[in-house]
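There are structures below to look over.
Next, two complexes with chain A in common: one pairs it with chain B, the other with chain C.
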Partner chain A sequence: MEYITPLWPAYPELFLLVMAGLILILDLFISDDHRVFTYALTQFTLLGCAALTFLTSNAEPIYTFNGMFVDDLMADVLKLLTCVVVIAVLAYSRAYVSARGMFRGEFFTLTLFATLGMMVMISANHLLTLYMGLELLSLCLYAMVALQRDSLQSTEAAMKYFVLGALASGMLLYGMSMIYGATGSLEITEIAQRAADGDYLSAVMVFGLVFVVAGLGFKLGAVPFHMWVPDIYQGAPTAVTLLIGSAPKFAAFAIVMRLLAQALGDDILVDQWRQMLLIMAVLSMAIGNLTAIMQTNLKRMLAYSAISHMGFMLLGVLSGTTEGYGSSMFYVVVYVLMSLGAFGVILLLSRDGFEAENLDDYKGLNQRNPWYAFLMLLVMFSMAGVPPMVGFYAKLLVLQSVVEIGLWWLAVIAVIFSLVGAFYYLRIVKLMYFDEPQTQVVLKPTFEVRALLSVNGLAMLILGIAPQPLMVFCIEAVRASI
Partner chain B sequence: MLPSTFQSLLFYVFSAILIFAALRVITAQNPVHAALFLVLAFCTSAGIWIQLEAEFLGIALVLVYVGAVMVLFLFVVMMLDINLLKLREGFWSHLPMGALVAFLLVSEMALILSGSYFDLLAMPKPDAAPVGYSNTKELGRLLYTDYVYPFELAAVILLVAIVAAIALTLRRRKHAKSIDPAWQAGVRKEDRVRVVTMPSEVEQPSALVTTEAEQKTAEVRP
Partner chain C sequence: MMHELPLLSLAIWLPIIAGIAVLLTGGDRDARVARVIALIGAVMGFVVTLPLYAGFDIHQRDFQFVEIKTWIETFGVYYHLGIDGISLLLILLNSLTTVIVVIAGWTVIQTRVAQYMAAFLVLSGLMNGVFAAQDALLFYVFFEATLIPMFIIIGVWGGPNRVYAALKFFLYTLMGSLLTLVALIYLYNAAGGSFAMRDLYQLALPFDLQVLVFMAFFVAFAVKVPMWPVHTWLPDAHVEAPTGGSVVLAAIMLKLGAYGFLRLSLPIVPDASIYLAPMMIGLSLIAVIYIGLVALVQSDMKKLIAYSSISHMGFVTMGIFLFNTQGVEGAIIQMISHGFVSGGLFLCVGVLYDQMHSRQISDYGGVAKRMPVFAALFMLFAMANSGLPGTSGFVGEFLVIMGATQVNFWFAFSAAITLIFGAAYTLWMYKRVVFGDVVNPQVDALVDVNAREFLALGLFAILVLVMGLWPQPFANLIHTSVSELLAHVSYSKLPLPAQ
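Moving on, here comes the complex of A and B:
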């Protein structure tokens, strides 16, 4: 039994797994008319998981499962946020999903298993478990993209996602095997120890590092490994796009931290991967922002915007300092909230048989639904980085961490590209407020969605007015863990 | 380098067969032949594994891959009518580019890996296992103790694979001609034969007559 003690740090994951299995079986006995029961049970599971994560949180890192699982403050915060974000994702997508015949048990169980995969990735302290979590997450997402079987577009997107995802996993695995060859260990704390002692084969380590960074680049969707992002964002059903574009970013950030900052965080190695991240960050900001301008499809535009935001996030990571990592974490949290809000509005506007994904569909939204237009305005301002919104502070913090290590030119480039990016975010605001509406359909969402979306949108403003607590909290969480 | 012991001779023989079989898998014209060469490749790599004293893995490879996976694969290949000519289209035009990329990748890797990093000095040969050492037992012990967490995760991944496969393939088609045995067994007399009561009909002489000749005779008869 000593191999699985203490067990309590893994209670959230265990609860999630048991409940996912239970829902899988219970759903068989539920007819289509009572599918709401499955939905409620799923939401209850995620709430319970969030509560358990909160109850089992602790400041000091605790290792269990023979050193393969770590429960530290960063993991607790990210897991809690993941659960909350998935709850919001399911609430936003409920109407959309049931209008398209996807309101089935599989949708919910796959979402729960994907959440489990993210949580496993976040708490991984071993390259093997990290990879397992990644595969669990990816497998669920591939299937969910293809869930709308009769849509040619989503089948194609699923195929592309599957092939490129498998390629990225291969890269990551190859890099991991090289790191194992160089250090003789798969455990992240052990690798870090060997790296600090200089007890490794330098050339093999760097060789593995290159593959690991390439694999991570794929998973983050950073240029030059970004080709899958626009096609999958556009092709997948919007509810699934929302899931792909939100919570998994926490998990991706977590594995970047575990692999680069923890395992390979030695100063000599940081210099090696900083170069690669530098190129990836600059290219992501450039190509993401420039290509987004030309898009007429909002989902595709947000995909390019995701690429550019990942570039910004990498700025914090490449600084290699605890403050830098903390600012990246703050950036990811803010970005996920923004993307949740933006896709939430898209889902809200979509009706049975109608996808509100073209920019023209947003013309004159202010005349139809002033409140939702205002919420979208808050989200867009935040994405563009307009001062009172929280997006501004997120950008400011990562730029600060880059300036602190003396890369002034990089900060200047980042500011220029974020100005370029402001154009296409503000274009949406212009369409909503200054153009004539094309339809007169007035939206009547449920109370649940109205409340959540309002909280989501207003959070941009409130967090922007008082960004200090969250900012400090993120930096403290990273400091306690790395 | 000449093989010095019987063991290394075996290794070279197995490796040669393995490389030949692997090449034939991708060059064979007939998909059934390709699948059979893959079986050969699996069997020889099982031999190499047994030489490395990984008996359990070797036997599992034969049992699982040759016994189950490849047989299924052969069934699929035989049942599907795959047009190979269409698949092979453009092979030669893509070959130079592909070969160049492959060559660069292999040579880059060889440059780094052919150093002294993984030779016998850096990675010495492990000591021989003691008498009575059981590979299978040791693997089982590791799986259920040290590696119990990834082992359980692998089980969850397989469960997800099942759920995903069913979610993507199972759907009720409107015109599917499937049979439900339970429904069949519960058949009642009324479902099979329907007794209809209707008044008996008397044959009308002129009703069935169609040809002109018969019509004439019918006119003549009275």
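Moving on, here comes the complex of A and C:
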């Protein structure tokens, strides 16, 4: 280990931290009329952070802060995507939050700190770093859910999120302490070394593993640890739901990779956690898809859809192969893009004092505005996994990774549930295209939302016709890092 | 051969690009522009398929007009196109039908014209993609993607119960194809990471796995054909779809399933195909006979033609699984012929429906007195549907029955009986609709086909006659391809039994 710690691998995080602190202070001196300055500064910070991530990226993993922090290709790709996604989240949310009196400094600083938390999680090479990032993210999100102080629903959601989130963190922490007890190290590369050498207490290790998997299940929102997801998705202000439903999935995926694939990726241990993930994956796909059918609230439906997508994503992880991890990463990236698009449309349709969250609000969208209906159609078919949308390739890759290890029956179960899932995505298309509109309110999004949403929606189709670049990105990133 | 232009890519992408261009014309204010662009796109889409016919070498056993480009490198997937005689016929049929559908929808569709035309153009390109794909994943992508435009067509411009029909159509067919996806992924791994059909053809799978793969393919293609007992989506979809939708559905979309059997099931898992052939022939015969009887009692014209489609497609699947030249060639000829005949019949019903807004047979009677030209054309299609010699309907069914006699007399006997049913339900319907006295005042007000309708019906009518009187060119096109296909099937992939 070097004595003089190189700081440059952590430049993006440091920049983000400094700027977040700066914005926190600056915002105190800005009046409500000029709040847009805070917004611009936040976007600039995120852009700068993305640029720094790009500039400091490197193919070989670099360890710093005494091995607590790692900068590898997977981290770079995920961090870059996180920044880009958060930029899109803020752009989509702008009209929505300003209409609801949330266009204040807190919203931006909390978003930035949450982003910082995600980036620390992604780059963690030490269980404590990982935990610290996770808590930073979670605490910011708890507060953001409750940002609408007068909304009973939001307050309740925040309370639920906090209690269950704290429980999950506790489980994860307990599991980590067990792993520490079994291997005598908190450093992920060190744990991996001991695991490979068989130099650990097997019983304690497996015990810890169970708790870690449970904690990760909570954070991913996989069944049976999914109870919080629908309530939070529905209860939180849509802008915050968009944030919760998008970028943190990258961070959650990253810690799954760090803990399961890197630290506990030894063949013997893979066999142990594969069984747990298998059950979680099947249950998530089943309960997520079946329950989503019954929903009349779009946000809640998307929450159950998120659960089922996480189940699908786990298929790639449980294969235990590098290709499988790569396909899971591709799945997560694609899912976040889809989720971004879907919530983007919800935000677009919401107006002052009106939340477009009931399915009926989407009736006849094609007659009101064919372009946004078309974009939503692309997103919905992509979520359903119908080619030529990119969602199909995401499913194809994870299915391939389980068939490759001989679990073809699991692939059959997965496609059957994706058929069930197709029904409720189709229902949205049906509402938009086949039904008559209930309102004739003209949609007047700003230019940036229009452009961004168009890019977002068309990406479903374009990435579907040419999936190669993104696929290579994900698979190579994982291969270089794990 | 000298082919600088990527003709197959053009046949796929030209209609799709035209579809996008039509969409860009926007709302219904510029409906006329949308129609004209759509017609130009459809005609161009047909014109680019003509050099395929002209340059096709009927004696070559390999695929022709091959285009290979890397598509998804990490996954070993290629944008690999190529056609044999079977694909060529279907591509021609598809591109021509699109032109007819655009003409047929010219004034009938008044709402969201651009979207209507665009959906058909995109659908046409995608289906050409299915017929031209030589990479199993590419095939699958096109195969599935066709669901989206058809779903929209049925759901937006369909009848009163359109939502139910559209959802049923989509979910039914998706269910079938998802299992195929798993089978394809399995084959991909077994072939060492390749989706290329020629690699899958070489794959020697053990018998029980062949059966599993066959069943997975079977679910997808049987739903699409549709074979009894997974046919129930078709009457609903046909009845609710707008006329153009019904025409495309019957004329081409059903052929995707039969084509899938020919292109994937037979060559990849020949031993399972031969082993399960009695089941396939049994199901086909049930479709031919039982569905024929069901058609007899329909009171809705579109439903009657839909059931008749299922019954006629039974001949196709039966012919395929006879594994002899007459059977398979008959099946393919029957596919093409059914495209003309059912397309024509649905157009006829559409012409009546546009004026009367009823599909009930009992509402009509005496149409011939008011619409003599229409009645004549309708008569031709009805006769072809009954399998009258001299029309295209006769050739395919005759060949299939000939093929069946070589395998089992009773197969042939049962299939031949149904020619009587076919004649019975078609001609009975024809009699009740067209002949008799005019009792309904609405019928009295009917006007005969206009030039546009005459053009659409006339094109199909000419093809029905040409194919019925002179089927040789059609048979020549597919002859080499069929013998190549049968050579694949006759060669067992199983290891020789140990002595």
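In this section, the second predicted complex is superposed on the first by the 478 of 482 C-alpha atoms of A that agree within 3 Å, B and C clash if a C-alpha of one lies under 4 Å from a C-alpha of the other, contacts with A are read in each partner's own complex, and residues count from 1 in each chain.
The rule we apply is simple: a contact is a pair of C-beta atoms (placed from the backbone, for glycine too) under 8 Å apart; a residue touches a chain by one contact, two chains touch by 3 or more.
Note that the structure is a prediction, hence the values are computed from the model and not measured.
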Once chain A of both complexes is superposed, is A:133 in touch with chain B (first), chain C (second), both, or neither?
first
For A:471 in the superposed arrangement: first (chain B), second (chain C), both or neither?
second
Which superposed partner A:400 touches (first chain B, second chain C, both, neither)
second
Once the shared chain is lined up, is A:116 touching chain B (first), chain C (second), both, or neither of them?
first
Does the superposition put A:386 against chain B (first), chain C (second), both, or neither?
second
Of chain A, residues touching chain C in the complex
366, 370, 381, 386-388, 392-393, 396-397, 399-400, 403-404, 408, 411-412, 415-416, 418-419, 422-423, 426-427, 429-430, 433-434, 467-468, 471-472, 475
Can you tell me which positions in chain C touch chain A when the two form their complex?
27, 71-75, 112, 115, 137, 140-141, 144-145, 147-148, 151-152, 155-156, 162-163, 166-167, 170-171, 174-175, 178-179, 181-182, 185-186, 188-189
The answer for chain A against chain B in the complex is residues 3-4, 17, 21, 24, 65-66, 68-69, 104, 106, 109-110, 113, 116, 120, 126, 128-129, 132-133, 135-136, 139-140, 142-143, 146-147, 149, 181-182, 201, 203-204, 207
Residues of chain B that touch chain A when the two form their complex
112-113, 115, 117-118, 122, 145-150, 153-154, 156-157, 159-161, 163-164, 166-168, 171
